[in-house]
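As written, the chains take the letters A, B, C, D and E, and residue 1 is the first residue of each chain.
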Amino acid sequence: MQGKNGNIAIKIDRLYKSFGSLQVLKAISAEIAKGEVVALIGPSGCGKSTFLRCLNLLEKPTSGKIEINGQEITDPKINVNKIRQNVGMVFQHFHLFPHMSVLKNIMYAPVTVNNLPKQEAQEKAMALLKKVDLVDKADVFPAKLSGGQKQRVAIARSLAMEPDIMLFDEPTSALDPEMVKEVLDVMQAVSESGMTMAVVTHEMGFAKEVADRIFFLDRGKIAEDAPPDVFFSNPESPRAQQFLAKIL
Amino acid sequence: MQGKNGNIAIKIDRLYKSFGSLQVLKAISAEIAKGEVVALIGPSGCGKSTFLRCLNLLEKPTSGKIEINGQEITDPKINVNKIRQNVGMVFQHFHLFPHMSVLKNIMYAPVTVNNLPKQEAQEKAMALLKKVDLVDKADVFPAKLSGGQKQRVAIARSLAMEPDIMLFDEPTSALDPEMVKEVLDVMQAVSESGMTMAVVTHEMGFAKEVADRIFFLDRGKIAEDAPPDVFFSNPESPRAQQFLAKIL
Amino acid sequence: GCSNQETTATDEGDSAGASKTLVMATSPDYPPYEFFETAGGEGEPIGFDIDIAKYITEQLGYELEVSGMDFNGIIPALQSERADFAMAGMTPTEERKQNVDFSDIYYEAKNTIVTKKGAGFDGFKALKGKSVGVQLGATQQEAAQKASEEIGGFNIEPRNRISELIQEVKAGRIDAAVVEDTVAKGYIQNNPDLEFTTVENAEAAGSAIAFPQGSELTAEFNQVLEEMKANGEMEKLIQKWFEEYYEQQGQQ
Amino acid sequence: MNLNFVRMIDLHSCLFAQLNLDFSRITPSIPYIFGGIWVTLQFTLLSAIFGFIWGTILSLLKISSIKPLYWFGMAYTSIFRGTPLLVTLSLIYFATPQLTGYNISGFQAGVITFSLNSGAYISEVIRAGILAVDKGQTEAAMSLGVSYKPMMLDVILPQAIKNILPALVNESIALLKDSALVSTIGATDLLRRAQIVGAEKYVYFEPLLIVAVVYYLMVMSLTLSANLLEQRLRKSS
Amino acid sequence: MNLNFVRMIDLHSCLFAQLNLDFSRITPSIPYIFGGIWVTLQFTLLSAIFGFIWGTILSLLKISSIKPLYWFGMAYTSIFRGTPLLVTLSLIYFATPQLTGYNISGFQAGVITFSLNSGAYISEVIRAGILAVDKGQTEAAMSLGVSYKPMMLDVILPQAIKNILPALVNESIALLKDSALVSTIGATDLLRRAQIVGAEKYVYFEPLLIVAVVYYLMVMSLTLSANLLEQRLRKSS
């Protein structure tokens, strides 16, 4: 259960989440090490998004404890915005700010939240655009970008806050097939820079290749927690076996 | 170029289609034999949907000739509804009639268009529901179905008109990954019953296994027309090579 | 083709069976001439003019139907033959005579100025520079206009209904309203904060019945009016509405 | 009882004191005023029914492919949407006798004007409801070989109704409120009765206040039923 | 020229003949009537501006988490949406002097009533505009650690404006049309001037027809600019 360097980035202890009478997450406990990449997979509606959204408090857990870098974020007295600055999130539908240019999208949070001088923020944004290979799109508005380009900008926007942890919720499922790879490549590069990542994905190739561990969620529980080679070649639970049979 | 039994089901001759000043299809010519299954693949926006929609006159071709079973459907004096009864279509987003039960969805066109007695139409619909393995959902409304179930009903609805040809426009891309297979299985069964099929798809597995031929469309033209084994192992055009490199 | 239908619904159309109904246009904001008795829940038009109209139509063998509207709509109603005659304490002026026909005058009244108690306006002269309310389309509007020209100007504020005018005076939005004495009396009695003074007016404000131009009713009505004056019926009604009515009001 | 509350009551009675409200004088006339509820409701109902029929016809004209019908529908809508109701009302009230020789009453002129006017609005509602049905539905029906008429009747209209119904109730609410305009042409609706009582009893404000409350209650009950309807429709889909 | 067309002309002249239109009598008064254009426009403009300011405040109350503010905003909106404008107008016109001792003019009472009234509608428009912005935008901003105020000002409101602007123009059009109601409380706007001229000259129909046309032209030009605006907004996104 120890990650790449022995330190715990995320510790989850008996996490419950309900929407009204619907119990979506049931007693989830897990640890994710610093620098580790975890792929979350499972059937539709099993609670993957909800789980991810609890990690940056976009959903308020019903009960249970979440620690990030040793700090308990489920503490009601916590400054939620401070926590979120440290946990980046990339959405299926990008959610770029449509009325800001690509550059402004990336600069916005550092300038507004961290009071970074504009000059500095712009330099940083340009560096990030270089990383996601979109330097030439700096002054373009999001509407003019392809899906893959939008998602790469969204990743750069998250990285601009220099988070310790990045969450991805199906970052490639809204993309045309030809654009999937360019996004996955960027994500792989991010993971190689040592980022702790939790990725909800249906891209089994990516899960196999990049993830350090697979969480298979089923009806609100982690039904299986294993390294990819074990999980894909030899899934334990019958649900996982079923799921893989269908998907491959 | 000869299909399974030597008869031509669809013959397309220098088909052009423009939307305003945008030329989408450029001088497409092709023949599809009776009982043949053709997979249409190509990058987004290349004109796959437009091509398909010209075949049942949902789009009016700008110029060129289309013959179905030897009848020229591009003739302006043709009875469009008669043609369409003979060419079924399945859409990415199903388009079931939300205010009719599953059974009514399937019975509607035979009763309304062919004046089939209700009793008979219902028997036929139940037989089709059996084929797509949804007999127990006969009285349910579409909103209660999963995506995969919806698409199987949509296929049954099309089959109820006993068309000679079936068109599929990305029938699985709106589905959760676990539901893709159940739909592809039904499609394979339909193809095995000898139906002539044109299928726009991103499912390369299906294209490889079920299609007799691949049309690779690029910028409004058929850039490559080859059997699947040839196309996937040894694509000729550089565009197809590029496309396959990205997608796999 | 352009076939003109000159006939209106009120013409001979249905004279076969029951007696013909005459529609009377009036502006029921004008106690004691015409107003609504609403306490019963039905909303009966009553008043001096209504009683006269009832008497005349009865004598002549017509049914009577009263149609209420704003005063400035009465002449158009006659012109468009929406009504067969109009009684609304209406004064026959030269201008009006060019548009409608009038009967003989059946009652004379004078104009007054209604003001807040203690305002001290004793005539048009005192109103210079003030705002003066009148009913739109009424003779008081002309009278005020004339007075305004003579004395060098005040603002004329036309309103559709007398009741609005009184309310405006009470609100202090206008300084005075020009109203007939018989009518002003009722409003003063019911609003202790108001008072009125009779103005030194040149021409008297007599009331007559109005008809569409060329109407055959004019002569018939004049004849009955004559009879009423002769047989004391008119005096009885004057007694009823300009004496007894106010006594009753005072008791309430 | 806390102080704030006492002060509020104080303030209220102070406001009312300044208005010198005296309802006792008009108490006998309250049944007469309330009689106007029926007139107003009748008026609204008739206008809504005729408006709906006329609006349906207009909407068919406006999705028609026959150009003169289409243009007539569009021009008609534009005129009624572009002129104040109070102006149209007076015009129709005064023009009808001159044009047709028929001595239209204020009530009738009101029903006609409001039907003609709400027909214009309702036709837009129906047209929008039809256009809001997913284009995929049309395409699915067409690709099954279904022709125009059954497609409209069986597939499109039943779905359009759901978009249309709430808007229709809103249009009825607007009609109910606008109905107060007929008071200006002498129909004895709620508002007019308040004015009449005011003129008889020499009190102006109190009857107005009463009818304001009555209108509010009527509109609220319509609004509530509209919300219930919308909820039920949303549930059923 | 075909027969139908000839018959149409015939019918028209017949209609006008029956109306006995006679504009010559009111020609001298036409400048007086047109003077009302300025009154009507001024009235509409003032009401739109005050209504917008008041509507913005109300919409903030209505998305506020402080309960009394929220309830005030909701009750206020409900009252103004539930009462006919003509009734509110009379109430304010006659109550203000009694309540405040200030002798409000018809014009002022009109501006106040219409501002209060359109404030209620505009607050709904603004609120809906804010709610219509994709929830993903809020979530994206939140997950970057942006706090409420900059999120509203920099991310949500700029996007909401696009939804709001066309609705605001429509509200102004409604205001322009409703402005005819102030004729009932003696403000000398377009409609009132037509009535005054009618009463003076004993021609009722012609001045009404003239102002109907003037209103129509004013509304149409506003509508056209609204359409242009909407198109431009759609293009820019």
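General observations
To be clear about the criterion, contacts are C-beta pairs under 8 Å (C-beta built on N, C-alpha and C of every residue); 3 or more make two chains touch, one makes a residue touch a chain.
It should be emphasised that the depicted structure is a prediction, and the values quoted were computed from it without experimental measurement.
Counting only chains that touch, the fewest steps needed to get from subunit B to subunit D is 1.
Hopping across touching chains, the smallest step count from subunit B to subunit C is 2.
In terms of C-beta pairs in contact, the better-connected of the chain pairs C-D and A-E is C-D.
Ranking every chain by how far its Cα centroid lies from the centroid of subunit D, the top place goes to A. Note on chain placement: the centre of subunit C and the centre of subunit E lie 37 Å apart, centres being C-alpha means. One simple way to say how far apart two chains are is to compare their mean CA positions; for subunit A and subunit E this gives 49 Å. Each of the following residues of subunit E touches two or more other chains: 18, 94, 98, 184, 204-205. Each of residues 73, 76, 164, 167 in subunit C touches at least two other chains. Shown are all chain pairs that touch, namely A-B, A-E, B-D, C-D, C-E, D-E. Across the complex, subunit C meets subunit E through its residues 1-2, 4, 72-73, 75-76, 79, 95-96, 98-99, 136-137, 141, 157-160, 164, 167-168, 171-173.
Residues of subunit B touching subunit D in their complex: 56, 58, 81-89, 91, 93, 95-99, 108-109, 112-113, 143, 154, 157-158, 161. Within the complex formed with subunit B, the subunit A residues making contact are 43-44, 176-181, 202, 243, 246-247. Contacts from subunit E toward subunit D in the complex involve residues 15, 18-20, 78-79, 81-88, 90-91, 94-95, 98-99, 177-181, 183-184, 191, 204-205, 208-209, 211-212, 215-216, 219-220, 223. Interface residues of subunit D facing subunit C in the complex, by the touch rule stated above, are 28-29, 31-33, 35, 94, 97-98, 100-106, 184-186, 188, 193, 195-202, 204.
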